[in-house]
Every structure is written in structure tokens, then in C-alpha cells.
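Chain IDs A, B, C and D follow the sequence of writing; residue 1 opens each chain.
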Amino acid sequence: MSSVPASAFLALALILFCIGLYGALTKRNTVIVLISIELMLNAVNINLVTFSKYGIAPSITGQVFALFAISVAAAEAAVGLAILISLYRTRKTVNIDEMDTMKN
Amino acid sequence: MSLETLSEFNWSVMTPEFIILGVIALLTLLDLFMPKRIDRRILGWLSIAGIIAAMAALFSLLGTEPTSILYDTFTLDMFGKSFKLLLLAGAGLVMFLAVSYDAKEGMEDYRGEFYYLFLTALLGAMFMTSSGDLITLFIGLELLSISSYILAGIKKHNLKSNESAMKYVINGSIATAITLFGMSYVYGLTGSTNLAEIANKLSAVVDGQHTYLLGLAFLMIFVGLSFKLASAPFHMWAPDVYQGAPTPVTAFLSVVSKTAGFVIVIRILISVFFNAAPSGDGGSILFKMHDYLAFLAAVTMIIGNVVALKQTNIKRMFAYSSIAHAGYLLVALTTLSANLIFSVWFYLLAYMLMNLGAFAVIQVVTEKTGSAEIADFAGLYRRSPVLAVTMGILLVSLAGFPGTAGFIGKLNIFVGAFYGEPHYVLASIMIATTVVSYFYYFGVMTQMFFRPAREESKFNLPFGIIVVLIVAVVGSVLFGVAPNIALDFLNKM
Amino acid sequence: MMENAWLIPLFPLLSFLILLLFGKRLKEASAYVGILLTLASLVFSILVLFERFSEPTYSTKFDWLTIGDLHLTAGFEVNQLNALMLFIVSLVSFLVHTYSKGYMNGDERFPVFYAYLGLFTFAMLGLVISPNLLQTYIFWELVGVGSFLLIGFYYYKEEAKAAAKKAFIMTRIGDVGLFIGMILLFWETKSFEYSEIFAAVDAGAVSGTMITLTAILIFIGAVGKSGQFPLHTWLPDAMEGPTPVSALIHAATMVAAGVYLVAALFPLFAASKTALLTIAVIGAFTAIFAASIGLVQTDIKRVLAYSTVSQLGYMMLALGSAGYVAGVFHLMTHAFFKALLFLAAGSVIHAVHTQNIEEMGGLWKKLKLTGPLFLIGTLAISGVPGLSGFFSKDEILVAAWEGGHPILFFLALIAAFMTAFYMFRLFFLVFTGEARSEQKHVHESPNNMTYPMILLGVLAVIAGYVNTPWFGSFLGDWLVDGNPALGHGHVEGPIWIMIAATVVSLAGIYFAYLMYRKRSIARNTISGTGDTLHTILLNKYYVDEFYQLTVVAFTKGLSYFLRFIDVFLVEGLVKGVVGIVQGLGRTGSKMQTGQVQTYGAVAFFSLALLVVIFALTGGYLR
Amino acid sequence: MNLQSTLSILVFSPLLGIIVLAFLPKQSEKLIKVVGFLATIPALLIALAAYLHFQWGKDLADFAVSKAWIQFRGMGGVPEPFFSVNYELALSGFQLVLVVLTAVVATLSALAAAKFVKKEWKGYFMLFLLLEIGMLGVFTAENLILFFIFFEITLIPTFFLIGKWGYFEKEKAAYSFLIYNGLGSAVLLIVIMILFAKTGTTNIEMLAQIMADPSAPLSGDLKLGLLISLLIAFGVKLPIFPLHSWMLKVHVQAPPSVVMIHSGILLKIGAYGLIRFGMGIFPEQFKTLSILIAILGVINLLYGAFLAFIQTDFKMVLAYSSISHMGIVLIGLAAMNEAGVQGAIFQVISHGLISALLFFLVGVLYERTDTSLIGNLGGIAKGMPIAAGFLLAGAMASLGLPGMSGFVSEFMAFLGLFKELPWIAAVGTIGIIMTAAYLLRAVLGMTYGKSHREFTGVLDLKGVELIPVGVLMLLIVVIGVFPSVLSSPLQTTLETIMLGIGG
């Protein structure tokens, strides 16, 4: 395990975060956007777990934090999907760029 | 953790939270088991009662010394008490708006949720004021956020409401992710999620690499949280969401949610980063970040006030106004003056009063006309002088004229800006944009007082609205004329 | 009596106030209020004058305005000059009040007229007893207002309106000179009091340049008020006012105020050769300049007006030549005979309802009283020996010669010739020959108009004898008594001057006789209608036009230029700023596309930007 | 006798009227007007009583009141207040005359409003009385923050009074007013805050004392900057070229009764501020700037005069004339000596009275003839001789005719400046001529000459209308003839200022 340096995990998290962000900001399909956001949150989890093991002061709290983050992410995704369904009923689309009835 | 340790905790300091939690549970059950035909408004009144009870409980706790329970994850100190009071008062007033809210479409079946979701959001916010741990802070934040997402979309069959909720969720989740990412670095550098411990550890950071990482974390956390504040750069969701959400929810977002945002910002940024990484060249990371904060504050004020000029929808206009006010509050944060918490608290109090009052009027007018155009306010003075004059006073307070709480709030921030190392540029921008704000606030005045009415029908004011208006106007004027009532009260906590 | 001299101006003021408030109810009775109250002034003035013959100067003052350590005072002073002026002013005013009863009869604003007369008389009397420059200035302006109101009395006439405006503004230009001079003098001497100013000048506390500067500035005030070149153009126009007003204000009293001012401040002027020379030159030039214009005018009152300007130039010449007595003496005699001339002219106008002398003629037979009285005035002003004008004019010529200004002396002599010529031209055209237009119902004026004229006629004849080379210079000696700075009471001049003056005036009369009575010389011998010279004279040397093209045009041009700045630059700047703010708002608005991903992107890129800056600078921005 | 509450009663006495008005029905026009008018009387009586109090040789310091009001503390019970504002009112001679002026003009304006305001009297008078509170407060405040609060309080009612009861472009004018004055007060607030942050007090007296102390924690440059900012802040109000364009709109568009107040009192706040704070707190720096101020004064004087010369609307003539006359205030101030400063103060009072009179007359004219264009009027002296007479008299007062208040002030201002900067003063005297030119052009254009059209049913001034014109004219003449009624209360103020200047 120790052969893989902490920085690699951090880099992985960062890359994952960026992929998620990219997806969240560019994909048209709202479901994919929500999934991309999950990626971002998971990147955080990788970070937390990495630090909990390889951090300056390793401790278990990082993993606890990650657990909380996972559950919250799940709740968020659930609410997001629920809203999307409701929106789909009125708008008949899941394309995020068509949700622009309100603008200046 | 054994049962004994659990029972050893001084749980009484959590009484307000428990009351709210209890009411939530009660309402959920009631909503479930009450026959459909019974008007759910009763639930709203119940929640108001719950909030009042929580406030009473909080008052009884006012004299207590700062207490920490649950291994320092929950702290009831002066900061917590004072902001909890604000949140409770704000949420209470919002509940009054909510019980008077007569939705035209989409939420006939969901009135129960409508009330207790406010309470869950409130609970999240209240936890934030008292948390002493990153995890509880985060949980509080998410409890607030997720409840708000649903609230924004509570008008299930209304396209605008749905869209607003969707936008809110997406932006909110991205913001959460960014914040968390920043937090993860903080954790990584300290190995702890306890705020006091983090602050303690960070003050020992001298390594350049770590300082750099800390700066990165700071920026990410701040930008993520700026979503809650509705300040630049994460402000753009606000107009769309404000417009689409039901008016009480908009009011909630602009007041309670924003207050919670400042709570967490002060908790994390100020208490954690204040002494972080003090390098030889003077000052902690927070002082290094000083210029970024100032820049963001200035941008927020400018965007909020300038773009508000162009709005024709009153709720959008108030969204920008809300952005602008976030900017003013950021000025207080930036200056880091001795009365920082004090001025933020007072400003949020003033802002709560005037903004909720204004939303009460907006709610009445938009319900009557079915749209939320500023032009709908034309001739309001003829149709309902009381409403128009009330709105007038609140707008004057929002614009920051003397005699109102808005002025004292701004004055307070201003004093801070000039105290110690003076922030000429920032203060000048603040005051110049304030003058710009006269344009749009008085634009509403123009409609209300100068323009002829499109129709002559009168208004019936529901009880809840009347309560909110009276509290808002009396509060705005009282704290404008005798601010020391509030200030002394705060000092006694 | 002298300690009560302050009452003299107050009587007419009372008249003004009464008539202002109750004039409408008093109607025709207003005249009696005015006449009685000015009579009271006259009586007091005579008493004061006689007392002053034997008593020393009386003066008193009190604090009027406190400015920190400065105490500005007000008060009054009865010295020789003041006592004399009080008498002249109250006399002429009283006579004009009486005269107007007939002249203005039937005018619907009869009470207003008397009210204005009261105001003017108050101001004029106040002016001549002022013991300090500030008070003088105050009344100086007030007489200007009285004059303004009376010139514009026929407010519905566009000409009257224009004339009133012109009179006020032109004199105000002069007044500003006085204003500046007065203030500068104050800071030099720390006082407005005449006595203290003279003392300071005497003690050499004021530099020579400063004396010259202030003296000339004050003289500019006199130029404006006394219609001296180049500020003379308002005075002929002022003839738009009712004729009694012309007699009182624009002949006898107010226009002489300039002369009075120079006389009152004579010790100051005497201390600067340059200032005196300036006065003399301006005076002499005005004398001949105005006289030449008077040669061709056809409006009876305008001829008299130019004559007034010319005569005032004479007085200035006298003062500028250090002939204090000569100036004041001529001021007095001129007041009488010019008032007489104007009142007689008024009587003529009253009779024939025209002012154009070309339309008159042959009035001698019809106006049995006015004609001879007019002749007396004409003779007096022409300087025919034995009448008042002769003595005073002689004094002036002597003063000019003795003062060492031979050129000015000859100018004055030529002007005297012209005066005699145009005055008799006027006389012949009006009173002799045949009527040149249809004149109905020509009749002599009522008694209340003729009696004042008779009294003035008597004075025009005898007033000169108070100061003659033949019977002693009583007036002169009295005027300069106890004040060596004013020069000698009588200046002995060569006898040829008197002979020359006589010859010149008789020549003028004779020439006019030949041209306008006997008609043995054609009227266009020297320059006929349409000739360049005639046209120039008729158009008053185009001074008005010159002003119109330069000063007025410049003022208007500057105003329009400033308006351009106001509209485009000042307003434009504001609009620009507002435009920028609005533009920012529009741009910000446009960025709000409704695309939620854009919002997130904006936040993310801002964060990225901040991070990059942070990375590049290492945190510190300063 | 304890007089400490007198000033508070004076300032807040109109509040009683507001409360009473709030309970009156909208429609009872007559009652509202009477109440609105009566509500201005207590302040007037108290102000006059205070004046008599002074003239009887008693001390104005009797009126001073100081109470703790706002204390900002840092969190966590820091014992020393972080920032405190006391409720401090006082009356010096200078303030006394301004308070009397305010009370008089306000009462007369209320009378005029009863005449000119045609709709919604209730709202009008409530706002008007609020405005009066603000004005009285501005002149009695002894604390910069308090001053600022009252200063801003005047903005809102004025905005509504212009925007609701004005003429055609009223809303534009109201906005112009609000934004310009808002910016002005913004700058003022910054100055106040910097002063507070540096010295820890906002009491005017104490600030003056601290500034006089050479060891004060403010550098000369900072003080200069603050003074320039003050010049801008009050320059908007005064107004100083080029900050004047809002004021033109207001004067043209606002209803006559409001313009009386605006031109008579509100503009004077600018002059008051410059004298009291600019000169009182920064005497040295004021001296440094005196040439600049003198030049600004002359520019104002001439710019206003030349532009007034070509205006076609009499209201515009008067508006530019206000600019011109405020130039004289600056000229007097720039002199920095007793004569100049007293001249400036006199001009403040004098112009307040004169412009109130003239704007009232314009209002009457407009009401009768539906026009204020000089070209459309003409020969009105025939139909309304009394109005025309007062108009002419007002113009005479305005152009500085001796015997009226305008002269005394103009004279003293120039007297002062000629001592210090004779050349600039000499240029300024052109303004004296121009003033006569434009005023006569305008006034004679309206009153004299031929009537351009028959004004049917044009009525002269009568009844109640004679009261404002009569009272104002009387005051103008009284000050002109007996200037000591005004100068005696000013002497102590003048001494204080001179002491600060060190002259």
C-alpha cells in the first residue's frame, strides 16, 4: 500500500473532481449532471480517506466525515432526481439548457 | 461512548433544537394522520408556536456560560445564542408569511411539508450556529440546503417553481462539493475536524507548501460558501431561484439562509483561519486573503446594485438587492474590525426586518395581481395607503436612510471600515453603490406613490402579513432610532 | 437746527411710505402729501443752510454694522457743500412736486408717481448729507433706483422699459467702479469716513498709486451717474420718463451727484495729479462731444439731455482743473436753469403733445409765460453776461486755464459756442416762426406749473451773483472756508477769458439766429441731412451701436457659449456616468442567461482565477 | 429655568402635526391645511423666543443639550464604547439665525402650500413637516452623525414633495435631486467616518479643538483631502459649479412652496456645512484652499449670471441666479476674514429670504397665467400691479440694492475678499453688473412693456397671499436697514471662527 504515495491519491481526487465539474458544467442531460456532481463529492471522499491515512496527523475522523459526505450526497441526489422528475412532468424534457424560462 | 457519558452532558443547552425537532416530528405525524379535508394551515400555526417556544427556551438560556457538549461538537456560546435568536426570529416571521401564503397552483396537496420543511431548514441553520466541528457544520449546512431545495420546488405543478428548484439543486450541489473539497484539505493539514483543534493546529503551520495548500482551501471553502451568501462569484443562481420559488421561500432564502451562510463563514473562516499559518511577513492566512475578500465584496456590491437597476420583476430585483446586501456584509467581514460580529449581527437583524417586511408586501401584491412585475405596484398608495407607506419605510431602510435600522447597520459596518487600517476604496464603493441602489428602491416608490393605479381594488391583509408588517416596520424604525436596545441586548448575552 | 438735519430726507421717505400704502385711496390728494412733505424738507434745508453760514460743520454718527472688530457707522454731516446741496435738491424737488400736480394730472398712476418722487427725493437728500463713503454708496444706488422707476414710469411703453433698464445697468457699471474704489480705499485707510480718509491721505498713509487707482475708480462711479463719456448713453434715453422727472433727476440733482461725489471727495482727488487730469480730460471731452451731438437732435428733451451731459462735462472739467468752487458753483446754477429749461420744455410738450422740434414753431405768442422763461434759461445756459450761467461758466474757463490745460480750455470754449448755438437753435425752432404742424388747443399751462418755473427763472438770473468777480465771491469763500485742500474761494483769471467767453456765446447765438431765425444761412451749410457728419452726429457717433456690437454681443456670445458648456459638458458628463452605470447593468443583465451551467461556470472560473492569482503572487497582493 | 429640552421641542414640534394629520380624514382639505400650517407655529415661536432670549443678553449656551444615544461596543463586553454618538443639540448665534430663518420660511411655505397644493394635502403636509424636522435638526445638531442623520432626513420628504406635487418632469427632477444629494451625503459620511476613526469623536466642538492641536493624529494632507471632500459634499448642496445641474431641474419642476423651502433653506445647508465644518474644523486647510474657493466663487457668480442672462423661463433665471448668489457665499468664505465670513452668512440668510419671496411670486404668476416664460408674459404690471411691484422689489433685493439685505451681504463679501485677493474680487464684480442685467431683463420683460396677450381674469395678489410676500419683504428691508439685528448674534460665532483661522 505504502508504495503508492499520498500525492497520487490526491491527484486522483483532483482529477476526479475536475472531471465531475466538467461534466456538471457541460452535459445537457440533467441526470448526467447530477451524476457528475456525485463524482465531485466522491473526489472529496477520496481526499478525506487519503488524509485519514496519510495526512499530517492521520485520524479516523476523516473516514467518519467521508461516511457523512456519502450519505448527504445520496440525499442530495435523491432530492435532485425527485425535482427532476417533477420538472419533467411540467417541462417534458430533461435537458438542462432548456430550463431557461427565467432569465433577464 | 457509554450511556453515562451521554447522560452527563448538559443537554439543556440544546433545548431550542430539541423543541424544533419535536415539532418537526409532531407535524410529520400529524400531517400523515390528519384527514385530508382539514386545513393544513393549523400545522403552520403549530410551527409558529414551536418557534416561539424555542425562542423562549433560548431566552432562558441567555444567562448561561458558554457550554460545550458532545465532545465539543456542539457549543452554546454568545455567538451561537445571538445568531440562533436571529434565525428563530427570521424563521418565525417567514412562517407568518407562509401561513398567509395562498398558492394558486401546484402545492394544494403539500401544505404540510411546506411548513415542516421550513423547520428542518431552520434546525440545520441552528445547528450550524452552535457546531464546533466541521462534520456537524457540514450536516447542518446540508440539512438547511436540502430542505431549501425542496421548498423552492414545493409548487410541484408549477414550471417556474420546479425550474427554480432544479437550478438551486445543481448550483447548490456544486457549491457543496467545492466547499467539501476545501474542507478536506483543511482536515488533511490538521488531522482533525474540531474547529478549536484545527485553529490550534493551523496556528503552528509554517511550512510554505502547507500555507499554500491552506490558501487554496480557504479560497475553495469561501467560494463554495458564497453560494449560501449569494455573493460573487456564486451569486448568479439567486435571481432565477428567487423568482421561481414561492414568496415565503424566497423570503426564507434571502434572510434565514443568508444568515446561516454568514454564520458558517464566520465560524470557519474567522475562527479557524484567524490565526492560521502566521508567517514572518505579518499576519495569518486570513490577512493574506484580505484583498481577495475585499475584491469579492466590491464585485458583489457592484453587481448586485448595478444589475438591479435593469430589473422589471420585483422578486428578481430583490434578489439583486439581496446580493448587494451580502456585499455590504462582506465589507464587514473584510475589515475584520473589533466589532465585526457585532456589526454583522446587527446588519442581519436589520436586513431580516426590512427584507421580510418587504417580502410580505410583495407577497400580498403578487397574489393579488398574479404577476410580480414592479409595474404592478403602480398606484399602490391609492389602493392601500398602509401597505404603500409600510413598503416605503422598509425601502427607505433598505436604502439605508437614517431613522431606520438599515442606516445604523450600514453605519456600523462603515465605522468598522475606517477603524484601524482604513479601507477607503472599499468604503467608497460601498457608499457609491448604496447611492446607486436609491435608483431601484425609489423606482418602486415611484410606482407606488406617483403612478396611477391600473385597477382600484383594495387589499385584504391576512393576519400573518399584518404581524410581519408591524414587526418589520416597528423594528426597523425602533432599531433605527434607538439601536442601543438591540446592541445592549447583545452585549448582555 | 443742524442737529435735526437728518429729518430732511425723512419727510420725503414718509411721503413715499404713505403713498405706497394709501396712495390708491388718496388718489389726487397724493400730490398734497408729496408737496407738503417736500416743503417741510425745503424749509428745514433753508434753515440748515442759513445756520451753516454762521455755525461750524455739524456731524454725528452711530454704529450701523459690526463686523468683528470693524464698526461701520452711519450718520450725517452738514458741511458747506452738503448744506448747499440740501437746499438745491429740496428746492428743485419741491418745485417739481408742485409742477407735477399739473403736468401729471389725470394719470391713473398719479399716486405712484408721487411715491416714486418721494423715494427719489429721500435718496437724494440722504446722499448729500452722508458723512461716509458707504452711506454715500447706499444712497447713490437708491437714487439710481428712484431714477430707474421714474424713467420706466410709463411701463407699458417699450422705449421706457428699455431706457429704464439701460439707465440702471449703465449706471451700475459705474457704480461697480465706485464700489471697488470705496472698498480699496477702506482697506487702505481702515475707514469709510470722509474725514478719516482725508486725514489718512493727508498723512501720507496711502501710497500715491493707490490714491490714483481709488480716485479713478470712484470717478468711474461719477462717470456713470453723471452721464460722462463713455457711460453717457443712458441719459438721453432717460428722457422717456415724464418731463418733471427729467427736470428733477436728469438735469438738476441726480446726474449732478457724480459731480457732488468728486467734490465731496475732492481732497482725495487733489492728492493725485493723474486722477485730476483724467477727470479734466473726460469732462472736457464729454462737454464738446455731447454738445456736438446736441447740435442736430430734433427731440426737445434730447437736446436738453445732451446739453446736460455737456454741462456736466464742464463741471467735471472744473473739478479736474482743481476748480472746486467753479464746479460746485456751476452745479448750482445749472440745477436752476436746466430745471427751468426742462420744466419749460415740459410745459411746451404739455401744450403741443409732441417732442419733435421740427413740428413746433411760433409758440412764443401762444405760450406767453413759458416762452420768456425758456428764453431766460437759454440765455443763462448760453453764458450771456449777467445771468447765472455766465458767472459759473466763466469760473470754469478760468479754472481750466489756470489749471494749466490750455487744450482743454479751448475745447471748453468751443463747447460753449456749440451750447449757445444749439440752445438758440432750439429756442428759435420752438418759439419763433410759424407752426410747422397742426397744433390745436395750445394753451398756457396751469399755475401750479408756471409758478415753479417763474421761481426757477428768477433763480436762473440771480443765482450767479453769489459768486462773481465783480461783487465778490461769497459762495466760493464760504465753500472752502476752513478747508485748504479745496483750493481758493476765488481764482483770479485773466480778463480776456471773460471776454472770450462772452464773444463765443454771442457768436453762437448769432449764428443760430442767422440759421434758424433769419435763415440767411442755409441749415445745411456745414453739413446737411444725409451728409456723413450730420448722420454721425444724428446717430450720436454710433456709440450705442458700438456697445451693441461689442459689449452686448460679447455678453450674449459668452452666455450662449456657457450654455453650451452647461448642456453638453456638465450635463453630458452626468449622462455619461449614468450611461456607464446603466451599461454595466445591461451587461450584467445579459450575462444572466437562465443557463444554470453558466452560473456554475462563472463561479468555477472565478475560483480558478483567484487560485491562479494566489498561486502566482503567493498570497500577498500588496 | 431649565431650557435644555427647548431645542428638542423646537426640532420635533412638527411631529405633533404629523401625528394629528395622520388621524385626519383625507378629504377634509380645510382642516388639513389649517393643521399643517399651525404645526409650523410652535417652532416659529420657540425660534423667535430664542432670538429674544439672545437679544436680552442671555446666554445661548443655556439651550445646549447632550445625552448619550448610540454606543457600539465590540463583542464580548468590551467596556469602552467602540463608537458612540451623543444626542447633542446646541444653538450658537449662527445657528440661531438659521433656525429663525428656517422657522419663518417654513411657516410661510406652509401658507403658500395651502394656496398652491391642489391635491393630497394630507400627504403633502406630513412630508412637509417631516422636512421641517430635518431642517431644524440640521441647524441645531452639534454632532456630525446627528447632523448627517437630519441631513439625510431632509432628502426623502423632498424627493416625494418634488416627485408628487411638481410639474411635468417632476420625477426626473426628484431623481436628480436624490442621486446628486445622495452622492453628496455619501462623501460627507466618508469624511465623518474618517474623522471619527482618527479622533474618536464626532462632536463638532471637540473636533475643532482636536484639529487645532498640532499633535492631532491627522496629517496635513489628510486634512486637506477631507476638506476637499467636504467641499464636494456641500458643493453639491450649495451648489458649486459643475455640480449644479440637479438644482436647476428642481427649481423648475418642484411646486412653488417646496422651492421656497428648497432654495430658501435646503441649499443653505451647504453653506452652513462649509462654514461650520469646513472652516470650523479645518481652518488652516481652508486657508490653503482659499484661492481655489475664491475662484470657484467667482466662477459660480459669473457662470450663473451669464446663463441667467439668456434664459427664457423665469424659473430658470432664478435657478441660475441662485447659483450666482451662492458664488457670493464662496467669495465671502474665501476671504477668511470677519467681513467676508459675515458677508457669506448674511448672504445665506438674505438669499434665503429673497429666493423664497421670488419663488412664491413665480408660483402666483404661474397659477394665474399658466406660464413662467418671460416671452409669454409682459406688461403684467397692468393687471397685477402689486405682484409686479413685489417682483420688482424682490429683483432689486436680489441684485443687491442698498437698503435691502442683498446689498449688505454682497458688500461684506466683497469687502472681505478685496482685502485678501483683490484681483479675483475685481473679476467678481462683473457679476454685480450682470446680476442687474439679467434680473432687469427678466423682470422688466414680464412686468413692463406691452401685454403679449390678454390674461383674462388675472387677479392681483390678495388676502392671505400678501402675508408671505409682506413678511419676507419686511425682513429683507429690516436686515438691509438695520443689519445689526442679524450681525449681533453672529459676532461670537465669528470670533470663534477667526480664532480658529488665527487671524
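Points worth noting:
Rule of thumb we're sticking to: contacts are C-beta pairs under 8 Å (C-beta built on N, C-alpha and C of every residue); 3 or more make two chains touch, one makes a residue touch a chain.
Everything numeric here is computed off the predicted structure, so don't read it as measured data.
Looking at B-C and A-C, the interface holding more C-beta pairs in contact is that of B-C.
Between chain B and chain C the centroid-to-centroid distance comes to 78 Å (mean Cα coordinates, whole Å).
Averaged Cα coordinates give chain A a centre that lies 96 Å from the centre of chain C. Once the centre of each chain is set as its mean CA position, chain A and chain D turn out to be 64 Å apart. Chain geometry summary: the mean Cα position of chain C and that of chain D are 37 Å apart. The multi-chain contact residues of chain B, meaning those touching 2 or more other chains, are 166-167, 170, 174, 178, 239-240, 307, 310-311. Touching two or more other chains at once are residues 589, 592, 594, 596-597, 600, 604 of chain C.
Chain contacts: chain A has residues 21, 24-25, 33, 96, 99, 101-104 touching two or more partner chains. Applying the touch definition to all chain combinations yields A-B, A-C, B-C, B-D, C-D.
Of all the residues in chain A, the ones that touch chain C in their complex are 21, 24-26, 33, 96-97, 99-104.
By the touch rule above, chain B contacts chain D in their complex via residues 78-79, 338-343, 396, 401-403, 407-408, 411-412, 414-415, 417-420, 422, 424, 427-428, 431-432, 434-435, 438-439, 442, 445-446, 449-450, 483-484, 487, 490-491. Those residues of chain A lying in contact with chain B across their complex are 13, 17, 20-21, 24-25, 30, 33-34, 37, 40-41, 43-44, 47-48, 50-52, 55-59, 61-62, 64-65, 68-69, 72, 75-76, 79-80, 82-84, 86-87, 89-91, 96, 99, 101-104. Taken in their complex, chain D has these residues touching chain C: 241-242, 244-245, 303, 306-307, 309-310, 337-339, 342, 379, 381-382, 396, 401-403, 407-408, 411-412, 414-415, 418-419, 422, 425-426, 429-430, 432-434, 436-437, 440-441, 444, 447-451, 483-484, 487-488, 491, 494-495, 498.
Residues of chain C touching chain D in their complex: 63-70, 134, 137-139, 141-142, 145, 152, 155-158, 160-161, 164-165, 168-169, 172-173, 175-176, 179-180, 183-184, 186-187, 555-556, 558-560, 562-563, 566, 569-571, 573-574.
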